[in-house]
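Next come the structures, one after another.
What follows is a pair of complexes built around subunit A, which joins subunit B in one and subunit C in the other.
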Partner chain A sequence: MSAEKDRIRSIKDDSKRPYRSFADFIKIFFRRFRSKNRASVLLQTAVAIILALLAGAILVLIVGENPIKAYMALAKGSFGSWPAIARTLRVSSPLIITGLATAVAFRAGVINLGVEGSLYLGALSAALAGIYIKGLPLAIHLPLALLVGALVGGIWAFFPGLLKAFFGVDEIVASLMLNYIAVLLIDYLVLSFFLDPVIGTTSDRPATLPIPETAKLPFISEKYGLTIGILIGVVLAFILAFMYKRSIWGFESDMSGYNRRFSLLGGVNIAKMNLFTMVISGMLGGLAGATESLGVYGRYVSGFSTGIGFDGVAVALMGNLSPLGTVVGAIFFGALKNGGAAMEVSVNVPRDIILVVEGLILAVVTAHKLFIFLRLGLQKSTEEI
Partner chain B sequence: MDEPAVIMKGITKSFPGIFRSVVANNNIDLSLQKGEIHVIVGENGAGKTTLMNILYGMLQPDKGHIEVFGNAVKIPDPQRAIDLGIIMIHQHFMLIPSLTIGENIVLGREPNSGILLNRKQIRDIVLKLSTDLGMQVEPDQRVSDATVGVQQRVEILKAIYRGAKILILDEPTAVLTPQEIDDFLRLLKKLSEEGTTIILITHKLPEVKVVADRVTVLRDGKVVGQVDRANIDERQLAEMMTGRPYQPRDFNQSHLPQETILSLNHVSCLNDRGLNALNNVSFSLNTGEILGISGVAHNGQDELAEILIGERSVVSGSIKLDHREITNFSVRKIRELGIGYIPQDRFGEGCAREAIISRNMIMGVHRSSRLSGSVLLKQSQINLWSDELIKNYAIKTSHRDMPISSLSGGNVQKTIVAREMKMTTRCLIAEQPSRGIDIGAAEFIYERFQDLKASGAGIILISTDLNEIMRLSDRILVLYKGSIVGERTSAHTSPKELGLLMAGIGWEL
Partner chain C sequence: MFSALISLGMLGATIRISTPLILAAIGAALSLKANLFNTAIEGFMLIGAFLAVLLSTKLENPYVALLITVLMTGLLGVLYGFVTITLGSDHIIAGLGFNLFATGITTWILQSVLNSPGGFMDPSIKNLPVVNIELINNIPILNVIFNDQDLITYSAWIVFAIAYLFVHQSKFGLRLRATGEYQLAASTLGIKTIFWKYFAALWTGIMAGLAGASISLSHLQMFSQGMTAGRGFIAFAAATFANGNILGTTVMALLFGFFGSVAIRLEGYGLPTQFVQMIPYLMTLLALIFTRRNTKK
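And then the complex of A and B:
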């Protein structure tokens, strides 16, 4: 017990400048990331988006297209019709959950960058639970498969959490590196043990056997791949929003994110909080993966995630780390991705441009916060003088 | 002597806010004679620091002009101020610990022979400077090995070496022992006799009387009065600062039947670097008693507070509360037993500045059955709790859900004190409870301590401010290098005696 406390002490001072390392800086930045004033958050985000779109317009001009036409195509392609909306929501569904996974961690001051790894593990294990557990009705089989996905994702995040809580290992690096292990480990497992013999010989993307209907997420729109996964995300967001507002856990989590030392002195068990937060974050990541393999793919497909776990970081930051804001951020990101495809087809703008705009928006939103943060930091140092 | 060194005229500075702007300096006139010691006093937020930051070039005034030695000047940045001979010595020393005292003094203006540092020359310069001023320093000693008092001398020598003609000192005595304070004030007088103009900002009124040639009192951004040396009266100054009648109360010694609340038996612990921080410390705290722990900063006070609240583990020995073993209990358990803790660093340890007031007011009690169930917080109870504390502690805020960062320093401290006292049923550990807050807020907090005493709880008051310790404590323990080197009652000791104990003099193993 005492050794554990001493280890916590070694991390307790990280809210005090000067930053010892870049990782410290990142951590403190994200910890203080959240703005309090809701109106100003909306305004800042709106301004950031407009600035990024303007910068994107310049790029479109450079490739010799009309930016207004391009953005019209983008808007139409993302929200212009029911198919467009359905496709946008389909892309947003897993982003909501990975966004929540990131927000939960960042709010508590734990920088979990391993959501991607949890996502992969969750996707495969949920698929396996769907395929190899037999004879259950949908009402039991589906929740069970989702739960398995979440649990395995949580277990994966448990390890960096454990390293952080008890050995003071930096969770940023540990969780990030575990992603690579997760992806390669899963490819190995699928190729060696769970390969669908038919697809295995015809496709370059290894996949498992298809999941039976009893474990598949019901579709809202089968044509556009939209499942009730989006409802799971939204419901989770509401639950989390409530927990942050009203529960002991939400209070302690936020307070540890704001000021670790203060929370420690107020009786919060920081080591436990870190570990618990990591696991919850990993579980959400695993669940996001499960909704993908049990949903639109109907099997585990190797390399299905195009960085959904990492996009969760952007989504959570755009949502100011609030659960409901994260939903909005996810839908916005989904719209960009989906509309970007439409833009590529109808106007002659390379898809890379849309990726650049995505990146710009994120950069401007976070740069603005960074600016506030640095200015506050400066003010603080003159106060101390 | 009557030639003005600095004239600041009509200085106005306001900070724009979203809802209203704050006028920190409102048409302030200040003139300093060459070679005088000019003390500026005022409550927190009166505008002292803003005014000095303007003179030092860190802030630009909205209106007004500044003359230095008869020339109208603009001071866009501290570099310009330094060029003009204005040097500010900050509360936190700006020294490089791993360099020697001599190297620190000449840093930036090193005497050199080619590209090599001429160490002998540095030594000569520093020795000459220090003997001229009559303050002894050892040029080859590392700053990290020097005491705080010596470090402060180094700061001043450095300023003089850089050609300071006007020296701004912000609360310089907060970190010194009584003997060091005496030496320091003597040094200031000597400097002023030699023609250096000194501006001193302080909260400690007794020092003002000793050292000031003139005193300017600020309140709410305005000059409310100027007092000459002959007419300095502590009480009158306090009334000018606060705008209210000031009557320091004599706090009574306790008359309750004395029972032991908390006892420490041969307790030892380590500091963050794994070295001994407390050695074999034993004492007990009685009901209705304030036990003062005095000592120069960093002699084990921080660690003592931390083991009492359960945040640091005890290596050997035992701690008992009401004759029950609580050694190495978790913070949560210790808080549940009714121990409160006012930490010394308001923003670093005492609150979360991003959170709202009511949330800050429940940390540590948020798991009590009054404020929460097994999973959820009882929001209506939290609101009642917060409103009650805001009212009882006269915390100036428009609403309990305002961010705590919207409060002034004194009100933040009151918020912390309110929370901790409200949850204290047995014992309160108060570390530097009045640091950096004005007299009004400090007196208010002292009064509440008396209420807590009367209710039968005990208070462990850890402070480096001897006046505070002597005025409030029933008994005083002196901590030196992690050991208790003396126990006195307030009635039978003097600042001088305590000062010697704090410096480790007269202590035989």
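And then the complex of A and C:
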């Protein structure tokens, strides 16, 4: 009887139980993490990354290259030297802002997949504000151009937000459709009205006129294309982190994402919250686009975003939807992308493997039953039938 | 102008454009009935389109190529099922992940294995032969709908019939629907809910592969990067409008196909290409507003 009691006590108190084997140690290690929410999410993300990288390695093997060599080249290309780090930060800068755009939406329970569209429209309109508004000093012109980009991005996200808030239209498909429409609309506008007569006829990618110096983001490092866009992203992340901790909006937003019905009964105007969230998300997307066209490109270049808006989803989820976590997630994906480009040059593995790895990460990063499947926890999920 | 839009040629074009939409939408509808919000269809279609063309060149037999393609995308469908059903990933996020994966892997293979970045075209691509039934050659409407189409176009109709009978008329379909309606209740009744969910995921993969093959192999005999261009999402939308009802889904897919063919017609009237290309997406958006279906749980 007493032995039975001991057994029960030992199960109750994992921390005092001696480890029977290495496997046992691992099991208890993971179980202890499971009890702490934040740590377990962190661990889940780590497992997702490792699984995706492993799958990527297998694919590299199938193609007949050496995965260890490839990943070494990737690591070296992303953090191996100061120039590599600068380039990683350059690639990360728009990702921080699109990640924040996604995080803001997801936290409030709005699945905005239209950041890409907002990004394109923001990039074009900021560039136009930079080119066609003349005679202003940098201190006014640059913020104005950024604001125009953010506003147009916000207006674009306003449509699906409005449809969701007042017509109950699902925002997922609506925002996806609007991405395609945005890209086509912009192509039309650039090709028929704003084409640079020099670049436009020689390059295969249509572009606008160059943006004058008064509207361009100052460079931190011109050689590596790093602008103060990254500082904008980091500052925004801190502001949002503060808002989520301290402001009424942050609380209501989290609450309506966590439990829609409860927050409705608690007096949150859900329709307004949805609309507002969508617009904020779109504005951030537009701002991300603006920092790109006013930054390293110095003009609007058609098709400049290789899915930066969609990367935002991975970035935000990597950071567990927290603003500061999003910054970390953005730097991680920036490193992957930049390292991938370096890897393409040194090893015969194209950078598209990064897209594959990113997709795989996304596929399992939200898998809440992953640990149950891996037999790392004893507690069964209540949802399991 | 209007009479030119509604013509027999239009009917043929509508059928041609609808085929991938119908196939993919029926796949999405099956998933939807099992309560899976399978947005990964877009990616499956892309991989299907890619594999069909690639294998058809390598194997020099379009039928075998089609079979392997469909098996591979079916496998991917099961993988998506594994991630969402067993591992409990968010359906939309996992779908997005699979779509990125599809974009990445097709671009990768195009570039590093085939050495033709951007697209793949080969004179040795064997497309499926078109079928001509002489019996209905002289019947105007039937002739346009059923003649000079290839195997995949026919298969869309067969798939429609089978899916309709399966989902709405058979006891297995009832089990599938029960799983989707209320999994707990269904499993209490002894229905193998996990099995039916995987079954739906598998069929969605197969249908999407067939749809992708119909885009690349049937009409164009080429593959270009990102050639599905959101058609998977449109098919997904078509399925959600009809709430997974097979007949309604097919009608919606046909409607979207019709708008697609209208768009092609309008190009001849001097409308800017970009606006013409926008029409399918705009129509989907409009349909969303009118039906107000919710894709989320």
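The rule we apply is simple: the second predicted complex is superposed on the first by the 327 of 385 C-alpha atoms of A that agree within 3 Å, B and C clash if a C-alpha of one lies under 4 Å from a C-alpha of the other, contacts with A are read in each partner's own complex, and residues count from 1 in each chain.
We adopt the following convention: a residue touches a chain if its C-beta (ideal position, glycine included) is under 8 Å from a C-beta of that chain, and two chains touch if they have at least 3 such contacts.
Everything quoted here is computed from the prediction, not taken from an experiment.
By the touch criterion stated above, A:L61 is placed in contact with neither subunit B nor subunit C.
Residue contacts after overlaying the shared chain place A:V356 against subunit C, while subunit B stays out of touching range.
When both complexes are overlaid on chain A, the residue A:V313 reaches subunit C alone and has no touch with subunit B. In the superposition on chain A, A:D254 contacts subunit B only, with no contact to subunit C. Shared-chain residue A:L264: touches subunit B; no touch with subunit C. Once the two complexes are laid over each other on the shared chain, residue contacts for A:V235 go to neither subunit B nor subunit C. Number of subunit A residues touched is higher for C, counting subunit B against subunit C. Subunit A residues in contact with subunit B (one complex) as well as with subunit C (other complex) are 385.
Contact residues of subunit A toward subunit B in the complex are 1-2, 5-6, 9-10, 15-16, 32, 34, 36, 246-249, 251-252, 254-255, 258-259, 261-269, 382, 384-385.
Remark: subunit A residues 59, 63, 111, 113, 163, 167-170, 172-174, 176-178, 180-181, 184-185, 187-188, 191-192, 307, 310, 313-314, 317, 348-350, 352-370, 373, 381, 383, 385 touch subunit C in the complex. Across the complex, subunit A is touched by residues 39, 43, 80, 83, 86-90, 92-94, 96-105, 107-108, 111-113, 183-184, 187, 193-194, 229-230, 233-234, 236-237, 240, 272, 274-275, 277-278, 281-282, 284-285, 288-289, 292-296 of subunit C. Partner subunit A is touched in their complex by these residues of subunit B: 53, 58, 90-92, 170, 272, 309, 311-313, 328, 330-332, 334-336, 341, 343, 348-355, 359, 362-364, 366-367, 372, 375-377, 379, 403.
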